[in-house]
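For reference, chains read A, B, C, D, E and F in written order, and residue numbers begin at 1 within each chain.
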Amino acid sequence: MRETGREIDQLRSIDIQTNFTKHAEGSVLITVGDTKVICNASVEDRVPPFMRGSGKGWITAEYAMLPRATETRNIRESSKGKVSGRTMEIQRLIGRSLRAVVDLEAIGERTIWVDCDVIQADGGTRTASITGAFVAVVHALGKLLKEEKIKSLPITDYLAAISVGVLPDGTEILDLEYSEDAQAHVDMNVVMTGKGEFVELQGTGEEATFTNTQLTKMLALADKGLKEIFEMQAEAINPYQENIEQS
Amino acid sequence: MRETGREIDQLRSIDIQTNFTKHAEGSVLITVGDTKVICNASVEDRVPPFMRGSGKGWITAEYAMLPRATETRNIRESSKGKVSGRTMEIQRLIGRSLRAVVDLEAIGERTIWVDCDVIQADGGTRTASITGAFVAVVHALGKLLKEEKIKSLPITDYLAAISVGVLPDGTEILDLEYSEDAQAHVDMNVVMTGKGEFVELQGTGEEATFTNTQLTKMLALADKGLKEIFEMQAEAINPYQENIEQS
Amino acid sequence: MRETGREIDQLRSIDIQTNFTKHAEGSVLITVGDTKVICNASVEDRVPPFMRGSGKGWITAEYAMLPRATETRNIRESSKGKVSGRTMEIQRLIGRSLRAVVDLEAIGERTIWVDCDVIQADGGTRTASITGAFVAVVHALGKLLKEEKIKSLPITDYLAAISVGVLPDGTEILDLEYSEDAQAHVDMNVVMTGKGEFVELQGTGEEATFTNTQLTKMLALADKGLKEIFEMQAEAINPYQENIEQS
Amino acid sequence: MRETGREIDQLRSIDIQTNFTKHAEGSVLITVGDTKVICNASVEDRVPPFMRGSGKGWITAEYAMLPRATETRNIRESSKGKVSGRTMEIQRLIGRSLRAVVDLEAIGERTIWVDCDVIQADGGTRTASITGAFVAVVHALGKLLKEEKIKSLPITDYLAAISVGVLPDGTEILDLEYSEDAQAHVDMNVVMTGKGEFVELQGTGEEATFTNTQLTKMLALADKGLKEIFEMQAEAINPYQENIEQS
Amino acid sequence: MRETGREIDQLRSIDIQTNFTKHAEGSVLITVGDTKVICNASVEDRVPPFMRGSGKGWITAEYAMLPRATETRNIRESSKGKVSGRTMEIQRLIGRSLRAVVDLEAIGERTIWVDCDVIQADGGTRTASITGAFVAVVHALGKLLKEEKIKSLPITDYLAAISVGVLPDGTEILDLEYSEDAQAHVDMNVVMTGKGEFVELQGTGEEATFTNTQLTKMLALADKGLKEIFEMQAEAINPYQENIEQS
Amino acid sequence: MRETGREIDQLRSIDIQTNFTKHAEGSVLITVGDTKVICNASVEDRVPPFMRGSGKGWITAEYAMLPRATETRNIRESSKGKVSGRTMEIQRLIGRSLRAVVDLEAIGERTIWVDCDVIQADGGTRTASITGAFVAVVHALGKLLKEEKIKSLPITDYLAAISVGVLPDGTEILDLEYSEDAQAHVDMNVVMTGKGEFVELQGTGEEATFTNTQLTKMLALADKGLKEIFEMQAEAINPYQENIEQS
């Protein structure tokens, strides 16, 4: 048992609310414990300049936190006039991850903008963003399908993410909340497809290192947690489950 | 009756949910029709440089929209690297309005940061922000009172805002939603105290003008609407109603 | 009598010098007491991207102060790398005001740039800017008329602005100079057409409020002052007075 | 005779109006032909961080053009969010030039800010700025002397600047106006002290070159012109002529 | 054999030139195939504000490419006015990696600035930067040791990085050069200590995924390559090898 | 003899290494004493917007220093988000200088980007940049000639630059290194063509002045030094010497 009362391999309670706001083509509020992220997917009928004429589409993501999503207030990035390195890293990660399971040829010269806005943070905001964003993108593409703008749902597999880590006492744990993340020696984010293949693996020792054995244990925890998450996603993407070929 | 089905002097349905997020000292989700704004009030134990040593506190506001709060996606101001003129105008308005009903001497050298983040927009986001921000500030100051950091609730009166306007056919109406705002010839925002005095009055002809008679009618509509709003605020600031001397 | 020696309803001495600089199509130096603003109107033969192909023209304004227009030197906004909220608010106000009396259809796909540069400030710079800018715009459009690029002067009415306010002792006054503005409890800017209709009304309580009665008194003062200003403008727009249908 | 009707070694008419605006410690409007620059010198009772504790003062200059100082409107640098290379080059030149004739030790830990704002441009704005700025600085320091904040006028000599150049036909000319500057093959700015020594010499071939002989002729023209300017400055700095030891 | 003529597990030729520039406390030019990076380590006798008074030191890294380090010229980030997401990601990675093997307590309130400037790029610039930066940091800290500002070399282990990946045909390879990187389906950067423990693991599928088996093979390749690199580093840090306790 | 051991008219040892990096069309590492600058010339097959359709080409230069090129580390301009005035001045100088000896008509609608990156600084970085950039540009244009994209080498003459100055004791010296530059009263940069004509002359008194006699002596020193440099350039531009008509 961890200090937080959870088992070593236990996820926090997860809720995925769809159609959260009315304007976005896909809109999700994902809640993972006390972490809450609004994931909106918007469809734009053109692609960025570097892709024009390619016949392919594009998916890009933006991520932000409300100033008071955290325990102490953060300065708004628009006030600072620039986006932090952390934010850029997360936006790039979300975008790359989603592109791994979307058939960009099939969506045509369209851009899917994914906006992940954290309204309350308690650790794991980037993994919650990916998990929620996947559902929002399915709904947005599902809308294109209904409108007969595309012929089939251009999603090749499920996609979700979770964090794993190593506590100072050496225990590997699943789904770190903020109090755990703050003290962990190792923090790893795993982005995986429904078939159990990796899309992204980002492990970091915080002024510390980790062994191959620890890596193996962490990956097993992530695998277990992600399987549970794929099932929740399956419900949340209703009625599009059948459009994704299951592993 | 308007095209929207409302009477000329009828407000949209309003809901004020308190304790919306867990970290902010005061946190409100205000819903006015389809407009939804998160208003978080944060207490910081210091004031900006220009006020240090004055013994007085300060209230400042920031306002933003999620990119997909609107019908088409807006570019994030943090990505553009600067805050638009419209945003600055609104932040300054919210801050000034709140300072009119808060006793800055009594809060001591503290800053109240008010963050108004629009998660869904359908007209009237700045007035909803002011109305919601007042409730969030009362809760934040109420918390200071409970913690005995201040001796009494330093709020001198209720504060709320509403829009009024003139339709192309000359009708004066209360509480414009987006479809009305887009076509109105005159748009006026009225910020008022519980005693019925003006804090701010901002009337604008959009490539149009308005007469003294129209002004009088609009102000009467605003007065009626704001009285209804003050009652909703009174419930939302529970248990602090008694701490504000009623007009 | 006020401390400044003026009557409650007395304007400062006003001078409107035309053809102040040689390059601008319309160039005015307006002096209101010790406030001096250069208002230049420039004609550009194209419109901003969002208006292309509409057949309509556009008017936009920029406002700035020389660093030493004020008692203590201000940092130049170009050095700070960004325009302040106050400046943006004023530029938007001037532009909107002018658009209310110019027939944008009639000027064709042209932009009128209005630059208001304060070279000496003593209160009322934004209202002096509007009053002077109107004259500059008339001269710029008059030049287009002379060159037969447009068929008639596309000005529908006179336009001017003045400030009114409430002193701490409760007196309503007209045309606040800096020493009065700094202590006033209420400050209101009134932008009006020659026919006496409002274009903009912006009243602000500075950590204070104002009643409906005070509003009425302030508007009466503004009306009196603006009538005097329209007469000065009529002379300054010579020979174009006849081209504007008088109320 | 040049196309402009002037002799090869003839200056344009020059006027130096002092006490032009009321707030600055030294305020000058310098007119050189159709070029008009407001030069304001402001005294601040502290120095930039890198000089604190040195006991020495500092002089720094800023330069800007009103957007419509020129034949076609220029975008405001505050709107662009950055200062151009040309502007920076000129500001650095003005500041360096002034520092050559001011005894920085003697002014104590104060900064003299010099703001040169071009309100109408017709060539030679940077040299007019230096010539006018010198007069403004003398007045600002003169004011410190009157207030007995300094013991003597810390000016070691007169300072002025003029342009010389080579026309396409090979003629060397003095004081280029815009129409000449636009076609000149060589453009040289000479900053000189009353004793006839150089402070700055900046000669540039515009896709062209110049010989040692041409350099000698240009320097002789500059010397003649500057001697005339020093006399005009002597009048403009009244009553401080005696405080500067003449060459 | 790969198209590049290298074996699957073969590193490119590596050269580590020390004392490359004269001012930096530690200065290295690392060459990995056609990739060339200057790694300079600078010692500053203070820490950033958030660490003041902690008694601990800090290591931070900056990374840039010369505009023509690449096949087509890149716009300079200073001209664009902002640092790209890719650059920030790399700088954060280099800094975090180095902090894992440096005893920050032992260096006292000092900052080690590591500047990695790519002068020629052919793939693997971030891993070459880490490998070279380690050597530069050892030399910089070695200099502090010689000057007796610290008591022992505060380096806990060797540190180096290498890339591994999966080609489209499924082959796992070591040390990708640009032509391989451009087509690889998977790209993974491994940062490891001399003891063989991971500091960072960043694996990315480029619109692709990878299995646990592929991960295992890639990690084995990285392990082999890094062991060879540690030996080259050992020579390059002469005479400080003995100061690092070997695994 | 100077403190540095050099004669008054003695250049530092100069080395010009060509083909320094592999991607640029012209790539030079120039070493002048301890000053080392990489000068890369890149050919882009289009011109900036203001020149499109003119049939002419353009040459533009950028200049930067590695943070630790200097004795104490400088903040990177990309981190500061803006380019300093000094940098802009130097880039403008390098670009203008090169344009004086390149036939822009003959290169067609192409841009030559010249990047001068100082990797080690010891005075004279801007003059070394010009001298090295000339060689890089000749190689880049030579490549176009070989590829038969242009018909002849569009270089009208050699181009090089050197600094001269006046020491506190009044001695005029050639080619100032940093220790001399820091104390010199006068600093002058001379850019000259192979025929001995001036392209740029920039002389500056640092809180000091200089006489006509000193100017003459400095120019003689520059002339002597530049003649030696032209000979080194002639070797470095091999095999293109014959393509430049010698003076």
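FYI, contacts are C-beta pairs under 8 Å (C-beta built on N, C-alpha and C of every residue); 3 or more make two chains touch, one makes a residue touch a chain.
Computed from a predicted model, the values in this text were never measured in an experiment.
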Q) What's the overlap between the neighbours of chain C and those of chain E? A) none
Q. Based on the averaged CA atom positions, which chain is farthest from chain E?
A. C
Q. So which pair out of B-C, D-F or C-D basically repeats A-B, with more than half the contacts the same?
A. C-D
Q. Taking each chain's centre as the mean of its CA atoms, how far is chain B from chain F in angstrom?
A. 60
(Q) Taking the mean of the C-alpha atoms as each chain's centre, how many Å separate chain B from chain D? (A) 51
Q: Check each residue of chain E and list the ones that touch at least two other chains.
A: 81-82
Q.
Please list every chain around the ring, with chain B first and chain C second.
A. B, C, D, F, E, A
Q: Would you mind writing out the residues of chain C in touch with chain B in their complex?
A: 82-86, 88-89, 91-92, 96, 99-100, 104, 188, 193, 195-212, 215, 219
Q) Along chain F, where are the residues that touch chain E in the complex? A) 21-24, 27, 34, 36, 38, 40, 42, 44, 62, 64, 66-71, 73, 76-83, 87, 113, 115, 117, 119-120
